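There's a structure below that I have some questions on.
Order as written gives the chain letters A, B and C; numbering starts at 1 within each chain.
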Amino acid sequence: MRETPLSNCERDFLLKGIQEKKRLDGRQTYDYRNIKISFGTDYGCCTVTLGKTRVLAQVSCELVPPKDSRPTEGIMFFNLELSPMASPGFQSNRQSELLVTLNRQLERCLRNSRCIDTESLCVISGEKVWQIRVDVHVLNHDGNLMDAASVAAISALCHFKRPEVAIQGRDVTVFSPEERDPVPLSVYHMPICVSFAFFQQGSYLLVDPCEKEELVMDGLLVLAMNKHREICSIQSSGGIMLLKDQVLRCSKIASVKVSEITELITKALENDRRARKEGGKFGFAESIAKERITVLTREEAPLDTTDIQATADGIISKADAPPEVVPSPVIVATGTGQVGEGLENTWGLEEDDEEEEMADVTERKTKEDEVMVLSDSEEEEVVILNQDGRSKRSQR
Amino acid sequence: MNAIHSCFKAQIGEVVLPGDVFQFDVSSVEEDSNIKSEKIVCGPGLRRNGDEILVYKSGILRHKQPSMYWIDSQQKRYVPVKGESVIGIVTAKSGDIFKVDVGGSEQASLSYLAFEGATKRNRPNVQVGDLVYAQFIIANKDMEPELVCIDSCGRANGMGVFGAGGFLFKVSLGLVRRLLAPQSEMVKDLEKIFPFEMVVGLNGRVWVKAKSVQQTLIIANLLESCENMTAQQRRALFKRVAEGAL
Amino acid sequence: MAGLELLSDQGYRLDGRKATELRKVQARMGVFAQADGSAYMEQGNTKALAVVYGPHEVRGSRSKSLHDRAVINCQYSMATFSTAERKRRPHGDRKSSEMSLHLKQTFEAAVLTQLYPRSQIDIYVKILQSDGGNYSACVNAATLALVDAGIPMRDYVCACTAGFVEDTPLADLCHAEESGGGTTLSLALLPRSENIALVQMDARLHQDHLPALMEAAMEACKGLSKVLDSVVRQHLQEVSVQTRE
């Protein structure tokens, strides 16, 4: 099926909006959409929603003979699939450019950065090693698949547990989870991809492009980093001209984003672990917010279109701005993590009555947040962290 | 006749599902129709089969005096219907026709002569990627749909190429119908916030343009969020926006 | 590869180079008669052959043609005998298709494609011998081939790799240095404007070291551009001697 073509009118409008620092969903230049991480009932199963983009990762393992060149190392295998279900433009069984790029980037981000201890996956040297297979399926495409896929893959790897084995001579016994507790993988660090979209020959830059923005962008720069501020991979694509300074600036932004996302993943993992330990409910069914209509609902408050720059300046100029209630990370249901509900979305409209507007907005947002959290989950566990990072970000 | 009306009556405004049956007695209807030749019109979602009327779409049963019944369903995919006005995106120019994407199963064709004042010599200036507001003159399951940008008198009547500076987005077909309803409250409420231009195509595409990018975005987002809001919620929301804007 | 010392205490690398020293570069243009442009490139032991056809009509389905610029079509392949282990598939696997894609993106940035709407430019590159820096050898060879074909470009595109060992950036890595698992940065640069057409990096590197590494790679690219420039000049001289009266 063909994709809906992009009209000139949309293209012009998007570019004009980007010039004026206005995005379709009211985000700021460096803002991510809501990220929500939830785990399935099985170990190593994870879905990530990034705005409307939705990705599922499943980790599985298998005993295989090792590669000749590396007899003592386990094998990591990554496979990302773009199912036609995610977007009408995707076709199954076709090696599209997007698919190749995503797959290679995922491999580069997770395998080449050696985030998993592959040597611990060796069972008998030269004969049997564990092959860890990560399947990432894109369920809904609304831009920035790379970031969503990398978060899903690494969260799933952290969540995964492989069966315990015992070796007697040359015999390998694999124990079922009932006999012996499965063992988690040893994860050294968590590389996370951050995508930057460039517009108008690199003069404008956005973090986390949505689908429409991806259609009009000139090129993409994907940086994978971990929270120790180590860069795990860089990849530019799409015929753009970059300057060295731009790359360096992106790496600084990425390090901030990565530490936020890492914190979220850890929170989500922690939460899932607790839920399992307490014998509470976990898995996707539990983490899906209970809503009466499931088909036609939209994300809450998508109407927040703001005069972003002005609002941001307003926040900076008023040092004692009323404290924004920004729940980052929030746990909406058991076994999940979520960040950035409500963003810095305000209703700022004209610049004249900035001050009044600000107060009004914050108040309203507080209300909104309350309502949302309550309606979303029955047993609400809300963790509200202080929001130091938030004000920092708006200054940039 | 009343027999039929009465079988519908209980369900008007209620949700009906595919497979629901409305039964009436054929003999009584035929008797009636001899006296007063009145017809029942089955709109989208209803189909007659012998002496029963079957529902084939899920949605709300609607009735219009004197005898029109149809199902209001929430649908996203557009199916071309003759006479409907839609917003299309020009995807290709080939020979004498433009290919236009209307969101249906197939691209529609639009002759370059089907514009006001267009002749063989004087071709309209249409580029690939432009938006056109046009009407279906052929929409048939067996044939390629065809659009025109003129009415039967050869006048543009609001149709043609448009769209500089505004923003196009897609909403569900149900919302579009609500927007296009005469004296739509939603549009009235929106107009109170600030002035803007709007083009609504029956294929679910809406184009808006306001004074600034900011205002255009607000209108677009408000419209998208109207999708599942009650009138009360909507009014409250619009009021908040209006207060902020004024 | 823990046993291998990539940088000795005296500051020499495995093959006796200094940290910022490039490998020997040799190149020739116009090596084939059939093609519109061709070039052969050696960077140390890495050997690449590039052939350019075009601009010509779009082959295959018409739908691929763009109404405002030329399409660039790249195919990267590695000769079956190019590596120590014999390769089974010369092209078509994930890595090669990625490489083709990267080459395409690099040259889309550098070639003035808008001068040839509705046409296609083919770039075929083959690695004859692989010893690290395949991507950069391909880019450099393809640049020369494009110059040979007379296709307008913004500037030379020069590509080079750089690594990072013991706080020292190393330019132009060879295979042994690349496979050690250390950081590898590939950079395609338009040297005059210092615009980066493509950047790619693997393995971990602390953020603070990135500027130094990029600087080293850019310097290496600029060094390469001088070599390429002299190759082009020499080639033109040779050719024009015959045409000059």
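We take it that a residue touches a chain if its C-beta (ideal position, glycine included) is under 8 Å from a C-beta of that chain, and two chains touch if they have at least 3 such contacts.
By chain, UniProt protein names: A = Exosome complex component RRP45; B = Exosome complex component RRP40; C = Exosome complex component RRP41.
It should be emphasised that the depicted structure is a prediction, and the values quoted were computed from it without experimental measurement.
A.B. asks: Please indicate which chain is farthest from chain C, where distance is taken between mean Cα coordinates of the chains.
C.D. replies: The chain farthest from chain C, judged by C-alpha centres, is B.
A.B. asks: Taking each chain's centre as the average of its Cα atoms, which chain lies closest to the overall Cα centroid?
C.D. replies: A
A.B. asks: Quick one: chain A and chain C, Cα centre-to-centre, how many Å?
C.D. replies: 33
A.B. asks: How many angstrom between the C-alpha centroids of chain C and chain B?
C.D. replies: Measuring from centre to centre gives 55 Å for this pair.
A.B. asks: Per the centroid of Cα atoms for each chain, what is the distance between chain A and chain B, given in Å?
C.D. replies: Those two chain centres are 37 Å apart.
A.B. asks: For a test of understanding, state which residues of chain C touch chain A in their complex under the given definition.
C.D. replies: The contact residues of chain C facing chain A are 94-95, 97-98, 101-102, 105-106, 108-109, 181, 185, 190, 193-208, 210-211, 214-215, 218.
A.B. asks: Which bits of chain A are touching chain C when the two form their complex?
C.D. replies: Where chain A meets chain C, its residues are 95, 97, 100-101, 103-104, 108, 112-114, 189, 219, 221, 225-226, 228-244, 247-248, 251-252, 255.
A.B. asks: Which residues, counting only chain B, touch chain A once they are in their complex?
C.D. replies: Result: residues 74, 89, 91, 101, 103, 127, 129-131, 163-168, 170, 172, 207, 213-214, 216-218, 220-222, 224-225, 227-228, 237, 240-241, 244-245 of chain B touch chain A.
A.B. asks: So in the complex, the part of chain A that touches chain B is made up of which residues?
C.D. replies: 2, 4-13, 16-17, 20, 22, 24-26, 293, 295-298, 302-305, 307, 347-350, 357, 360, 364
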